[in-house]
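Take a look at this one; I'll ask things after.
Should a chain be cited, it is by its letter among A, B, C and D, assigned in written order, with residues numbered from 1 in that chain.
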Amino acid sequence: MTNIKRIGILTGGGDCPGLNAVIRAVVRCAVGRYHIECLGVLDSFDGLIEGPAIIPLSWHRTKGLLFQGGTILGSTNRGDPFAYKVRVGEQIVEEDRSEAVMANVEKLELDGLIIIGGDGTMAIANKFWQRKRLKLVGVPKTIDNDIWGTDETFGFHSAVEIATDAIDRLQTTATSHHRVMILETMGRNAGWIALHAGLASGADVILIPEIPFSLGAVVAKIMERSSRGSRSTIICVSEGAAPIGGKQVTRELVPDSAEPVRLGGIAERLCRELKGRIQTECRYTVLGHIQRGGIPTGYDRILCTRMGTAAVHAFVEGQFGKMVALRKNEIEMIPITEIAGKNRFVDTGNDLIRAARDTGVYFGDE
Amino acid sequence: MTNIKRIGILTGGGDCPGLNAVIRAVVRCAVGRYHIECLGVLDSFDGLIEGPAIIPLSWHRTKGLLFQGGTILGSTNRGDPFAYKVRVGEQIVEEDRSEAVMANVEKLELDGLIIIGGDGTMAIANKFWQRKRLKLVGVPKTIDNDIWGTDETFGFHSAVEIATDAIDRLQTTATSHHRVMILETMGRNAGWIALHAGLASGADVILIPEIPFSLGAVVAKIMERSSRGSRSTIICVSEGAAPIGGKQVTRELVPDSAEPVRLGGIAERLCRELKGRIQTECRYTVLGHIQRGGIPTGYDRILCTRMGTAAVHAFVEGQFGKMVALRKNEIEMIPITEIAGKNRFVDTGNDLIRAARDTGVYFGDE
Amino acid sequence: MTNIKRIGILTGGGDCPGLNAVIRAVVRCAVGRYHIECLGVLDSFDGLIEGPAIIPLSWHRTKGLLFQGGTILGSTNRGDPFAYKVRVGEQIVEEDRSEAVMANVEKLELDGLIIIGGDGTMAIANKFWQRKRLKLVGVPKTIDNDIWGTDETFGFHSAVEIATDAIDRLQTTATSHHRVMILETMGRNAGWIALHAGLASGADVILIPEIPFSLGAVVAKIMERSSRGSRSTIICVSEGAAPIGGKQVTRELVPDSAEPVRLGGIAERLCRELKGRIQTECRYTVLGHIQRGGIPTGYDRILCTRMGTAAVHAFVEGQFGKMVALRKNEIEMIPITEIAGKNRFVDTGNDLIRAARDTGVYFGDE
Amino acid sequence: MTNIKRIGILTGGGDCPGLNAVIRAVVRCAVGRYHIECLGVLDSFDGLIEGPAIIPLSWHRTKGLLFQGGTILGSTNRGDPFAYKVRVGEQIVEEDRSEAVMANVEKLELDGLIIIGGDGTMAIANKFWQRKRLKLVGVPKTIDNDIWGTDETFGFHSAVEIATDAIDRLQTTATSHHRVMILETMGRNAGWIALHAGLASGADVILIPEIPFSLGAVVAKIMERSSRGSRSTIICVSEGAAPIGGKQVTRELVPDSAEPVRLGGIAERLCRELKGRIQTECRYTVLGHIQRGGIPTGYDRILCTRMGTAAVHAFVEGQFGKMVALRKNEIEMIPITEIAGKNRFVDTGNDLIRAARDTGVYFGDE
């Protein structure tokens, strides 16, 4: 049916609900439809630099993967094979190990790779395609939903449901106990999770990177709500949100031997700023990695299955150097080159923003 | 801003997650954006025939509606005002009470209605628009997702998640205990829920109305799976699925004074048919109303908010006789006349069916 | 530390959330605490009759078992080794194969068995202990919570949460749509699930085997509620509930070549009986196997861990022929002989029944 | 039946799943069983100092309260009426306003109060009973489960399920991505939530206030695990856990105009300490208020119903100055005086700790 005999599959970057569901779809489609053998590469490109470290992926091995969080292939933080982190004595230096990857691809007799990863991983994939002509097809992965070129990425909706559920819980406390409650979601560059979860859970204020906010205006909003009898205000804030003219808060630890000191994230900062200015008590929660892990929703499992099978078809058709994308609910293939270095941001005129404003959500910008 | 002063809102047909979230969006947008007063009509059109039975819907009254299942406006089964069921002595007869509706609309000084309902309710709405020029805008509602003209209806994805969760649970039993497990979902005309939930949960066989199945082929499939070492088979069947050349099983009680007898639904029938032909034990579950009720998912709450606010904008713009629709993830308005008497079926060549087949799902048709 | 070298573990009977969590606890405690080797016996006693069919259970193998529904050891329906079902030609006959079990225990050099199962499995265990002096310790398993001698069994609370969640969903439909909604839970002999789930979800009527009900009284209750303005009534009924003087409805298929006919379960029967007598529409749902499968709650995972480790300690202490029990929230060991042939029923004077009546629940008995 | 005519109900302290379920049980039992009128006091004792601020609580008003998080009666932070915070000019001073409470109790013709609250609220209740002979019955409330005299408090198991679910999600990330993941639960004085959730979710290390830990030992444990091939370590830490000889980390903001600086909580501190000493990346999440809010589990709703009805019975029987307690799964009444100033700690020799150690959990203490 096709002269492709064997492909490798790898997952790169941080955790995301649905990684295993994509692996399952790729393997089942490749094995069942095209009789292509599948090898799983362990720990992203590391498995093709050290080793090789691979596991066979049979149809039988895919059992239960739809429901299983994480990735059975593991991931890495040593990063880009073109600038691979290597320890030399006491130091960490970067070396180009891309040829080791190519050598192992040849040694394993792989016809190419299906690469599941975020924008960092896609940038690496792009280099392998552009410079080395490694045959590859990408599947976009991020809970942040900010990969350019695709309307949706798997894992995003799972993250939104988790954040929505968290705000639902905060709502009862806020209402019963006269509180301002702040929930910080992930989203360093783009505010998709905060926008969706805030809208879904009835947050009163949503702060996202795409709409710089005025702290004074947020304070005024809380006071206005209070004066109209609202006992509480729920704020859903994206980790990358920043005040007008200000810059993003970096959640970095300050090296300080004397005292345990740090710069907090935006939720903490917001909470501190509000404390001096409003009467109502304020509490914040940073959802963190809880929104990255666990079982994907049914919605995401379907998207994973669509994307995983589409990747195999594209590979068989020879559409190398391309990434699966969902556009207007249709699967399309787009050149990975096109997406490099770009993010997909919330269009502040889009109909979600409009629907949010129509139902009383405040973005801190007026 | 607009010369519209007061509108009525009603909900018709069966329960569906998100009805209250639509009501919330309509009220908040109407009151907050356009200063339009909102009246909730109780028990669908009944509230404009008897009574009138209405409740004021202020911004404050919408608190908590995002999370609340059911509809605070109630619904009815007396049905079409043009053929309204009335008890006359011992008999139920049908009378045209549409003028009572018009009279109450006038008496309440309503500028029109926003009508949230399924195809039955939209057919009634169409008559009021065509024959009486009652100003109205529709919002499509069905967990079955089979309303013509819109890619998605709210409540559908909530139902899919519930059914997916149910099959997840059956999976563990099937695998551990050598079983054929059958789950029957709703979907009398269209197989959307069964297709989505079956695909999401890794069902081995999916049977939907759009693809008539061969019982013999299903039996053969189970045996083939068994011979290859699979201890279990999961079948997800739509309530309206039917064998090739056969007809739908009607879940009707047989009036029988002597013995408690009935014709079962498709899951029960399938289970009985399989029992004689395969060794493996077979069990079935009919999800029933569990998939219609309760808290909507975050996804659906967003869709409800988009559709509810869009209905208000359309009303203000004078787009009467139209229904909100979602097409390629954009909100559009379509004439209600166009959708009457049609259903949106699963396109058997669509990419979900393809992805399902690619990952080994069997539709009983080969 | 102990002269026990190797034990076998098996799971018998139907599915139950937490089986794998018990296996995990047994293996970790045996291996980690006592350096005892663990062998998993496949498909209950079948694995010691055919075969032997066993898998090694290392500490590493227990990874992820806390969350995994079902049992990795499988179960069976061929049943009692003392009356083992064997096919001879066209017939199924029963043979005593208990000596095959003893022979394989010896061959595998097992010091004994830890047996996880329900009352049927415990009855078999009792025979092996009484007649063959096979060293064994039992862990009670049933979602029905009706094993004599223990206040709680693992899986029960998980089943209650599932049923509670289901009734929560039915509540919204019942309230919005003027309905009588009936949910049938498992519980053939004892009404624990129906009582707990009904009480937890605010059911208006709870029917359990321990309290025979009067249909006329239930009808009167619904009418009284209706006359006081309640739009809906929720009935939670145990599969084994029966009318006063009547007998349990057996959910058996009637062999009937002409027409697909059957005797329904209690929920269906109740629904039919009510239809003739009340105005309100009535719907029923049978939860079925959904309440047996899937991920156990945190509560049950803890109980599984307590019981599994207790079984190992008891084995090491030589407390053979005993079963782990939970009494007044303390772990105790009780002779398996004592529990044989008994069920633990709901004490109709207990404080849950009292709390239920105090909050308005009706049991159909007054 | 009783000469009690009217009682007041109030809720004090922080949010806790099940507050409304207790209110429901109290009202239904008081109204339905004893024809006692119920008044809800708003915002804890504040409602009897200012105002009075009360709402009538009829049977009908209890509809839906089983599922509703938070408390419809509100709570406060102005605290103890014997040392009530009052603003005088620029200052907040404390005044004894207990007589205002007594006066309003008389004015409202209340026969007494049912007080739902934590140890702080119970201490106030104790003063009212000891000093003023105000007739009252207490219902213990805390997600921390550390109220002396009762084996369980409602809300605790709901909090455990939330924390368990959170760790389940972190597990997938930890395993796939070679991480040390830390989850901080509530529990300033007692480690119940961390112990239960850690045990339920398979945490590798659990740190609680009752068992001071050695940081060096934790580091050694992580390294030992790593050397045996474990890619990840999950640490579940109680907010009040502290190193041996050290003291609790206070999560206080440091007032610092120059820079946004603070002392972090124990999870953050632990993460920072580990960073310098181990290779593996480390991430932490502080669950915070998410574990206090939202819908209670079925288990807790039943406990709320038992406790709420028991409080009414006790009141009718004249058992004033007592609190409802659950001991060995039986409801008992204990004098509030006995519990004042005490906490119920984890007994480090109890069978949960033992079961945890038996399955490999490390408490940092060896």
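Convention: a contact is a pair of C-beta atoms (placed from the backbone, for glycine too) under 8 Å apart; a residue touches a chain by one contact, two chains touch by 3 or more.
In UniProt terms the chains read A, B, C, D = ATP-dependent 6-phosphofructokinase.
All figures in this text were calculated on a predicted structure; none of them were measured in a lab.
Counting only chains that touch, the fewest steps needed to get from subunit B to subunit D is 2. For subunit D, the chain whose average C-alpha position is most distant is B. Chain centres here are Cα averages; for subunit A and subunit B they lie 32 Å apart. One finds 34 Å separating the Cα centroids of subunit A and subunit D. Multi-chain contact residues of subunit D, defined as those touching 2 or more other chains: 165, 168, 171.
Applying the touch definition to all chain combinations yields A-B, A-D, B-C, C-D. On the side of subunit D, the complex with subunit A involves touching residues 14-15, 19, 68-72, 74-75, 77, 162, 165-166, 168-173, 175-178, 181, 231, 253, 259-264, 268-269, 272, 275, 281, 283-294. Residues 24-25, 28-29, 32-33, 59, 66-67, 151, 157, 160-161, 163-165, 168, 171, 196-197, 199-202, 297-299, 301-302, 305-306, 309-310, 312-313, 328-331, 351-352, 354-356, 358-360 of subunit C are the ones that touch subunit D when the two sit in their complex.
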